[in-house]
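Both complexes shown next keep subunit A, but they swap its partner, so subunit B is in the first and subunit C is in the second.
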Partner chain A sequence: MPVNVISAGIATTIQDMGRPGYYHLGIPIGGAMDRLALRTANLLVGNAEEAAGLECVFVGPELEFTEDATVAVCGAELPPKLDGDPRETWTAFAVKAGQVLSFDFLKAGARAYIAISGGINTPPMLGSRSTYAIGALGGVEGRAVQPGDSLPLGASVRAAKEGASVPAKLRRGPDNPAELRVLPGLYWHRITEEAQRDFFDDTWKVANEADRMGYRFQGGRKLAFVERDQPFGAGADPSNITDACYPYGSVQVPSGTEPIVLHRDAVSGGGYFMIGTVISADMDLIGQLQPHTPTRFVKVDMETALAARRDRARTMDAIRNALVAS
Partner chain B sequence: MARHEVKSPIPGTFYRKPAPDQPPFAEIGQSVAKGDTVGLVEVMKTFHEVKADADGMIVGFPVADSDPVMAGQTIVELD
Partner chain C sequence: MSCRYTFGGDEHIFVEVDEAMSLEAFFVSLSMTNAVREANIKGVTEICPANASFQVKFNPDVIHPDDMMAELKRLEETAESAEPVLDTRIIEIPVYYQDPWTHETLMRFRERHQDPNATDIEYAARINGFDGVDAFIEAHSGAPWFVSMVGFVSGLPFLYQMVDRPRQIEVPKYLRPRTDTPRLTVGYGGCFSCIYSVRGAGGYQMFGITPMPIFDPQQKVSYLKDFMVFFKPGDIVKWKPITREEYDAAIEAVQANTFAPRIRNVRFSLDDYNADIDGTNAKLMEALYAG
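Up next, the complex of A and B:
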């Protein structure tokens, strides 16, 4: 028995943990931008952590349930309402057949994840239900959800515990100003020492051009490049390189003006130098940044990046222990 | 008459005009009907129309053209 979409918000997509293994063919991993939030929402409703849910940006959808279910909303502070009555985020709640889930105005963050017991059971493509609209993969017919869609549900793997809630200290939202840790990369030498300092000293802010493919930042000083004769295959602009692979999280700065951090739906390669890469532990956080959020980039080394990744894994373990072990 | 506030559903940049070289959607003193477009909010490379959700006369624009808005922030005041 499906969930019917009455209204869809502005970019509500089905996402799971993505489709690894095709990036070399230009197909990005995709999946939830804030993976911790989707994993947590799934745990709350008794799903496998990797089950497909809905990623809503800034605005929630209106969903009509045709069977009883358990629902959880994690990530952004987008207050859920059931037949108009408020419900808590980061908390499992019961929904009866015929009830309508809707949302109030966004209070904080950018992306809320809705998990429904059983998970969304649209057909996987290349091993994932994640919506990659540019490539017409996954989701509902390769696109974001629309009013009139019926979302099929799968079977639960565990009984959901209504009222189960994530302890406040394990919920993570962006600070203001947000801090994104960056490991300098292969092309670090292309900018001057002064520019290397400026990039990390300046406070940037999230631009309106910020989506699943990449997040653009504005407001810092223009980066100066070390002069060179452009190599064969590189464009004329000093920010151009001979085409190279773009890692997830890599920070390109076209013409040295506005850094762009590539995210889950990244393009796999191109001809802009990359100053470095946002560490994996901070990628979820980017998905929660609203436009105009002041943001600092913080320079870290590999050891710090790996420690942060372990720390992040421990946070996820603590959430699992809080929700499942008991 | 009761005050009514039209709120932006999304965060982004608020514009009062459909395009830079065109007149604003609405001015103070003008009457609008529910469903009329009163501004645009730009986010994620797209422009979203903000529509009046009640009938009334416009008495204020608390957010200036091209200024940032938060979700739930009042962008038009109606009387």
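Up next, the complex of A and C:
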């Protein structure tokens, strides 16, 4: 028994943990931008952590349920309402057949994740239900959710515990100013020492061009390049390189002006130099940054990156313990 | 050629074989990525060859980034001793140069172009010293091309022409990228040709269009039944200029799902190529059009 989409918000897409293994063909991993939020929402409703849910940006959808279900909304502070009555975020709540789930205005963050008991059960493509619209993969017939869609649900794997809630200290949202930790590398040597300092000293702002492919930042000083004769095949601009692979989280700075951090739906390669990479522990956070959010890039080394990754894993374990073991 | 190794955060290692593009650098990239695949290193999740570089994505919970780095450096020796020989396929791709659809698109974005008073292909012919567009098309479609990278989006091939450096065509990208490019546009940027696998934004100059689908997520196209992406790095491509009538006939065949690209298996040796470029290319053409 499906969930009917009455209205779809701005860009509501079906996402899970993505489709690794095809990046060498230009098909990105995709999946939830804020993985911890989707995993947590799934745990709250008794799903496998990797089950498909809805990722909504800034504005929530309106959904009509045709069977009883348990629902949880995690990530951005986008308050859910059931037949107009407020419900809590980061908390499992019951929905009866015939009820309508809608949302209040966004209070904080950028992307809310809606998990429904059973998980969304659209056909997987290349091992994932994640929507990658450029390649018409996953989602509803390769696209975002639209009014009039019926979203099929799978079977529940565990009994959901309505009222279960994530302790406040384990909920993760962005600080203001936001901090993104970056490991310098890749073509870091292409900019001057002064530019290397400026990049980390300046406060940047999230630009309007901020989506699943990448986040653009503005407002810092222009980066100066170390002079060189451009190699054959690289192109004339000093920010050009012979087209190469782009790591997820890599920070490219076309013409040295506006850094772009590639995210889950990254283009797999291109001809712009990169100065480093946002560490894996901070990738989820990017998906919660609204346009105009002041942002600092913080220089870290590999050991710090790995420690942050372990810390992130401990937070996820603590959420599991709080929700499943109890 | 000595590789430069660098971390892309805690989950990637990026290896630059050479700053400049060359078939030699591409062969090292291809043989090293093959070596990484064969080595079955625990924790490796993605192996991505590019034109003159490559990238490996790994899970640092399984293997420490320093150990991963050491494994890759060890494989550089294996790759260096590998004979630069490739068993691959050569494919004929029909191209309708100066077609009405890319023409309509390039006219819409003229203010983003270096030379608003010429078409993309007229501009490319002029700055590369060709005596007109016909001579340019002859050069572009004469010698074959290596698929040196697949990526950007959805199975888009980058192609590098198999000619010596003085004969390489070089064209800058648009001053500002377009917001639209027809699906299956044959484009050019830097020293690379490409085929836009899907409609979308793009900065490469537009020379023509192919009727042959190269990406089909539904996998209904007969030659994409096994996998939705047609190209892989190492494929060799020969462009075949076609007329409007031939284009229309090919589109009809595509719609009837009877279009069958001409594909032959070939062995390519980089040493033979370097010893005699035109002779090697002539042999590739014989293989493509034999039988």
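Throughout what follows, the second predicted complex is superposed on the first by the 326 of 326 C-alpha atoms of A that agree within 3 Å, B and C clash if a C-alpha of one lies under 4 Å from a C-alpha of the other, contacts with A are read in each partner's own complex, and residues count from 1 in each chain.
We take it that a residue touches a chain if its C-beta (ideal position, glycine included) is under 8 Å from a C-beta of that chain, and two chains touch if they have at least 3 such contacts.
It should be emphasised that the depicted structure is a prediction, and the values quoted were computed from it without experimental measurement.
Asks: Kindly classify A:26 by the partners it touches after superposition: subunit B alone (first), subunit C alone (second), both, or neither?
Replies: second
Asks: Once the structures are superposed on A, label A:211 by its partner contacts, choosing first (subunit B), second (subunit C), both or neither.
Replies: A:211: touches subunit B, not subunit C.
Asks: Contact-wise, after the overlay, does A:134 reach subunit B, subunit C, both or neither (first, second, both, neither)?
Replies: A:134: touches subunit C, not subunit B.
Asks: Just to be sure I read the superposition right, which of the two partners does A:167 touch: subunit B = first, subunit C = second, or both, or neither?
Replies: neither
Asks: For A:270, decide between first (touching subunit B), second (touching subunit C), both and neither.
Replies: A:270: touches subunit C, not subunit B.
Asks: I want to verify the contact counts: of subunit B and subunit C, which reaches more residues of subunit A?
Replies: Of subunit B and subunit C, C contacts more residues of subunit A.
Asks: Quick check on the superposed pair: does A:58 touch subunit B, subunit C, both, or neither? Answer first, second, both or neither.
Replies: A:58 sits against subunit B, while subunit C stays out of touch.
Asks: Taking the superposition as given, does A:280 touch the first partner, subunit B, the second, subunit C, both, or neither?
Replies: second
Asks: Would you tell me which residues of subunit A are touching subunit C in their complex?
Replies: Checking each residue of subunit A against subunit C gives 20-21, 23-27, 125-126, 134-137, 142, 183, 185-186, 188, 231-236, 240-245, 247-250, 267-271, 274, 276-280, 302, 305-306, 309, 313.
Asks: Mind pulling up the subunit B residues that touch subunit A in the complex?
Replies: Residue list for subunit B touching subunit A: 7, 9-13, 42-46, 48, 68, 70-72.
Asks: Given the complex with subunit A, which residues does subunit C contribute to the contact?
Replies: Listed in rising order, the residues are 6-12, 14, 16, 18-22, 45-55, 57, 60-61, 64-66, 149-156, 158, 165, 168, 172-173, 189-192, 197-198, 200, 215, 217, 228-229, 232-233.
Asks: What residues on subunit A touch subunit B, complex-wise?
Replies: Going through subunit A, the ones touching subunit B are 10-11, 57-59, 105-107, 110, 208-211, 290-292.
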